[in-house]
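One structure coming up, written as structure tokens, with questions to follow.
Each chain gets a letter, A, B, C, D and E, in the order it is written, and its residues are counted from 1.
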Amino acid sequence: MLDVSNLKVSYGAVQALHGVSLRVEKGQIVTLIGSNGAGKTTTLRAISGLLKCSADRVAFEGRELRGMPPHEIVRLGVAQAPEGRGIFANLSVNENLEMGAFIRNDVDRVRQDKKEVFELFPRLKERLAQNAGTLSGGEQQMLAIARALLTRPRLLLLDEPSLGLAPQIVQTIFKVIREINQAGTTILLVEQNAHMALKVAHRAYVLEVGRVAMEGDAKELAKSDQVRKAYLGGH
Amino acid sequence: MSPVSKLDEQAALVMPDRGRAALNALVTGLACIAAALLVHFVVGSMVGPFVTRIMLDAGVMIILAVSLNIVNGFTGQFSIGHAGFMAVGAYVAAGITYYSSLALFGSYQAQTGLISVGSLIFAASALVGGLAAAGAGWVVGLPSLRLRGDYLAIVTLGFGEIVRVLLQQSNPQLFSWDETRAASLKELVPPPLGGAQGFQSIPTYTSLFWVALFVAITLVFCFRLKRSSEGRAMLSIREDEIAAQAMGVNITNLKVRAFMFASFFAGVGGALYAHQLGTALRPTDAGFARSFEILIAVVLGGLGSISGAALAAVLLTVASALMIELGPWRMVLYALALILIMIFRPGGLFGVKEAWEVFGGLWRRKAVAR
Amino acid sequence: MGDLLQTLITVISVGSLYALIALGYTMVYGILKFINFAHSDVVVIGAWTSFTTAAVLLPRLGVTPTEAPWWAAAGVLMLAMVVCGLVGFCVERFAYRPLRGAPRLNVLITAIGVSLFFQNFGQLKYEVLKPDGPGKPAMSLPFGAQPQGMPRLVGSRALNDATVSRGTLAGVDGAVVRLSEGVSLEERRQYSIRVTPAGAPRAIEAMVVAPAGRYEPGQDLRVGFMPAGAAPGSAYALVRSARVPIQLVDVAIVATAGLLMVLLQLLVYRTKFGMAMRAVSFNTTTASLMGVAVNRVISLTFVLGTSLAAAAGFLYSLKYVTLQQTAHQGWVLLGLKAFVAAVVGGIGNIQGAVLGGFLIAFVEQFGARYISSDLRDVYVFGVLILVLLLRPTGILGSTVREKV
Amino acid sequence: MSRPILDIEKIAIAFGGLKAVQDFTLRLPTGGLYGLIGPNGAGKTTVFNLLTGVYTPQAGTIAVDGTRVEGTRPHEIAAQGLSRTFQNIRLFGLLSVVDNVMLGCHVRGRHGLAGTILHSPRHVAQERAMRRRAMELLSLFDLASAAGEQAKNLSYGDQRRVEICRALATEPKVLLLDEPAAGMNPQEKKELQALIRSLRDRFGVSILLIEHDMGVVMDICERITVLDYGETIAEGTPTEIQRNPKVIEAYLGTEAA
Amino acid sequence: EKKEGGGASAGGERPAPKAAAPRGQTPVGEGNTYDTGSGPIKVGHFGSLTGPQATFGQSTSQGLRLAIEEFNAAGGLNGRQVALVEYDTKGDAREAGLVVTRLVNSDKVSAVLGEVASSLSLAGAPVAQQAGVPMVSPSSTNPRVTEVGDMIFRVCFIDPFQGQVCATFAKERGISTVAILYDQSQAYSAGLATEFERAFVKLGGTISGKQTYNEGDQDFTAQLTAIRSGNPGMIFIPGYYTDVANIAIQARKLGVTVPLLGGDGWDSSKLAEIGGTAVEGSFYSNHYTVDDPSPVIQDFIRKYRAKFGQVPDGLAALGYDAARLLFEAMARARSLHGGHLRDAIAATREFHGVTGTISINDKRDAVKPAVIVEMKGGQPRYVATVNPE
């Protein structure tokens, strides 16, 4: 479904990605793990068209994404819940969700989807009219994911969805990730919480300073010594 | 007990020799004066009146730009009413020298000699002008406690405009001491500073010496401020007010101070401008057109960079003097140049760094190693 | 009482103009968070485009500006809006877009650069149209350093004037006319006479300068001047102006401005585009991740803002007739006051801009009338500072504190 | 037991109708290392904001080493010896790392304009002392080599440590850490745990810690307070907390380690 | 030569070329401009060619360009052509000081023409004075301008005279109460308002109200409603024509029918063009009238129109006169040395300019009559001539 090959990105003089290649098959959850500054966020931003990049190929369902502005990529069905959440601080929670459905015209379906989202995140329903900027960190994270879901993407890019969340919510989030995946959404998941990520994912890529260091079946990787030592706290 | 000694204990350890420190202060002062004398006599004798005039203008501009940098560059506040402070200093100082000249010498002509009673009065009036401007700075700085960013900018702009209108309301200038003595209260309040007709015949005391001296003082002041704990605290306000407060920085106090420092020097710059040959002060000097000029120099130099602001001030003055010949096209080209520079060199000349930090990290390495 | 009403009328008409211009400031600020100091120059371009169209183009199309039908005025307005929209588009595209993401002060300086560019570019001379024969000055296009008088596309009459007498001219002798009917002229009232010379499409108006009193039929009445064509037998109407005249121009201004503001309001709060606009104003990156074409939204916002400015320029030139050259203090002050209006209302907020426009006009006009005209600008800036001290983000501005 | 270094008595704040924190009481003994946990939006960060003067409590009292500080301004509270880090890192990005830490020293210095500009002996001495102290602190955190770097160029983990350094430079009596382990991978978290423990021993500060990573919290905290919807729902040792059904329900979830 | 002060100024201690006491007499032949006797004669002009007051500067510039063209076409000064060195002041006093410094010190012009605005002339004059280069201001009416020193002249009348002329005219028309509306931000306007008030009160008149506006104001309703309630017999508006046209229109709309009275700032064909019927029946004092049949005037108008496609306004006429008066003095001068030229200009008597017959008095001001004109049928018509006493 998503086919990235030899992706390179530079911030000014600093090269952040030195040729990353990865594939996401339809219906799968693929996770991208790696330490701070490895280039995970950069990869996602490049896929979404937010960064200028050079690559042999960045294709979604066979269509080349390079050179396409972000909003067109979204319309193809690639949504992202960005790092730092990117909520509209001055809009209410409800308006934020509406923005998620911006490209959609099927009003009734949107209403239905909203209901489902509230079932996943009841806290959001309580805060519906609140200014999103005053939500707590975790609440904002929920909002960001909920909003991305309302785009009804075929491929969902999640950047550290569990960051700063309470353990219980982290569990919920991963449950939700599994659920939406089972409902048919393909997911590319960036995570620090390698334990959980590897647990839910089908495939995994390990990024080290802008390069893919390892890739393979998630369960297998979780067993490898290298990964255990570097990313799972050496149990 | 603790492996990391606390500040006070450490301070006691590194207390320098008092004598040497006093000497340091003295040497700095003398160096400023020596530099000013050098510029005045050596450089001054090598160039013609036109170049001299450009140098004077550039010097005044340096003072204005570098001082505005304290507010806009250091504390990250956003003032676009700097000309208002300049005008306050200019009018106050000019009023003092002009009327005291009438009273003491019976004429508004400047006295000759580098050091004369007249030039001492001038120096004193420049300081008083600076203080008056600092007072205004205090008043304008107060809203900065409540207002952020653009809103503060707008208030400072409003301040400049209000100064302009108030200066317009001042009484007609009085042209002799007899006239002044005989003046009724109505002619003296508001002060007789010429109103819309402008304030003219100001004794011409501004010379290369005074300009160079005040430029030196301004630069020393700003550099030492920036490199001090207070200066760092100002910079921290620019970076993040909330974190600065949490680290114990009294941001309200520092913001107001920054305004006062900046407007003090703006006032001094105004005084120097006022006493230049061929200056007729006008209320429009307080208007925002002039404020923008200063702001442009600061941004062009790189926000927070003292050397950048100074260099940009010189470049702008010289460029505008050289471009005189282009006539009406000059401003069109200037505008285009401004846009292009902002697009292609958004950080200004040096970004937030100083010139030497950009041209070789030598100095910086030394500072860190200490 | 009359004075009070008069001042109120002025407040409403001037306030609409401020509001129209303030909207442009507010929209651009809302979306890009910078003060577009070049906005007032777009007003100037709008005014001068209107002038060029009305004074140069219309006559060449065979329409006499002063007798132009209402749709000609609407056409002039449209053209000005289109031209300024284009200007706004280009400015955003070539001056501001490259600076997306740059420090705000840089963008501000760029805006000042754009403003200086327009002001000074407009002062260069373009003698595109050569003199139309001796005595007719060359038209400078598009602006010029010389002030111009805007043709009166909207008649300069008040709605509540009263016709006190009609008849035919019994005699004309220079600036002295003889009326067929007797009239009484009241003290301290202005009278004018509208004469329709034979074959002329429209009445010509002249001011009556004769002293008050009773004038019998056949008695001479002095008027300001009598134009050629007025001859004995021409129909006339003697009009007494109202004590508190409501000018047609003012009505036109308020109506046009009101219509535009309502349309804008609907656009921003009732359409998807408006929603996109607000989203972009809060967070560009995320908006693009929601599928919003950010650049297009920003361009369109500029185009909207500048065409409102064009409308303001057009209406302004209708009201004040004199078109000053591009760098004139008048334009700068107009822009500044409109900007203050936007800020007082709460910059970024559309209703705020309108509210601010009227508030500033109110303070300015009433201050000048009832306190002293000397400090007129001080009132405006004083109110600005006062409002900001009481409500640091303007009257309707949102007060969101940064969450720590 | 001696007087607590931080004595919080029934503080509360509401935003509009939302009671973000209610009747929050906590006594942190000298040298204590306590934890504050709770679901997202429970009011933990708000408690820190109340303590440091970002918000003013609508009720209750706060005393630092016996001195009441509620209602005073943030910089005065910092001077009283309360220092913090932020949930979203708030370093002075364009300043160098050493300048960031020296800024922490600012509050302990004495400053006069004349002295600053004329380089009075005291001023010079103080500057040198600040620099030396900042470098000492940075060395302790293995950051000395990055001293000249602009803070924004540091990696996330390093930035967190600089923030702690900066907070320590204010010579605090109490240190408030807001989610210091967020965004770190398990390995980094381990290192951080050790570091926090050592802070107390080296600097004699008492620490109050917010953290979502239970591994970290349970390991290093002596006592833990749990917030939910602004209310304290539990208080006790890590083992007690882990067993508390209320906490499990509201926060930990069933799978928690 | 008496020492009345000294030269501690721009050049500091370095002896300036001629650090003359501004009010003292500069000895003949000691100017710093040296007559090389060949090549073009440089004449400087500083004016606001751009900026808020561009209109004035450009008119003046056109007027003096016409004069130079004519002078050169007629053979120049003994075969030497006049070359114009023109700099823009942007209407900024600081810029004015700078460009005059450049004109007199770097370009070494023989004489300087300019500025329109008195405050800018006051910035340039001390520089010219110190350098010993004569300066002729075409239209700065503030009395202080020529008091700067013996090198500074003007070809227009001064505020007190014009104020007197207007006051006398109003009084003679039988008007006893006048309201004043002036631009408080313009030195010209404020100066004339003061002088008029002084003269009119002295003649026994009363001022029923004094209202102000600022440069750039376009709405005068508030001031006019205030004036209306004072019920004056005339309104004195010493402003520029663009403002006056607007004021007149708004006044008429408010039912203020009394005649308006103004000064030479009104003079422009645009006044009637913009003001239309609203300015009908108003009066203003001026340097000349377009309907004056005098060949000098008609000739000027014709040539100006042919060259620039506009009817010359008062500033163009003054620019033209300033340049011509200067050339006439050059022809009489012993040499182009600052001192000689100064003496020649000072000796000007009965110079027939477009703006009247000009003599330079001992204060270096132009002594010349003023005319009062009335707007009739869209044209200014001659009403009376007022001679200086």
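We adopt the following convention: a contact is a pair of C-beta atoms (placed from the backbone, for glycine too) under 8 Å apart; a residue touches a chain by one contact, two chains touch by 3 or more.
As the structure is a computational prediction, the values presented were derived from the model and not from experiment.
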Centrality ranking, top chain (CA atoms only): B
Remotest chain, subunit C as reference, centres from CA atoms: D
Whole-Å gap between the CA centroids of subunit D and subunit E: 72
Chain centre separation in whole Å, for subunit C relative to subunit A (CA means): 51
Chain centre separation in whole Å, for subunit C relative to subunit B (CA means): 40
Residue numbers of subunit C (touch at least two other chains): 120, 123, 374, 376-377, 404
Residue numbers of subunit E (touch at least two other chains): 49-50, 184-185, 214
Per-residue multi-chain contacts in subunit D, two or more chains: 45, 54, 86-87
Subunit A residues touching subunit D - in the complex, by the definition given at the top: 35-37, 123, 130, 134-139, 141-142, 160, 163-171, 192, 194-195, 229-234
Interfacial residue positions of subunit E with respect to subunit B in the complex: 4-14, 16-17, 21-22, 49-50, 86-88, 90, 93-94, 96-102, 105-106, 118-120, 122-127, 130-131, 142, 144, 148, 183-187, 189-191, 194, 214
Subunit C residues within the subunit B interface of the complex: 29, 33-35, 95, 98-99, 102-107, 109-110, 112-117, 119-121, 123-124, 336, 339-340, 343, 347, 374-378, 381-382, 384-385, 388-389, 392-394, 402, 404
Complex interface listing, subunit C residues touching subunit A: 272, 275-276, 278-279, 282-283, 285-295, 398, 400, 403
Subunit D partner contacts - residues on subunit B that touch it in the complex: 1-8, 10-18, 21-22, 24-25, 28, 220-221, 224-225, 227-233, 235-236, 238-240, 242-252, 304, 352, 364-365, 367-368, 370
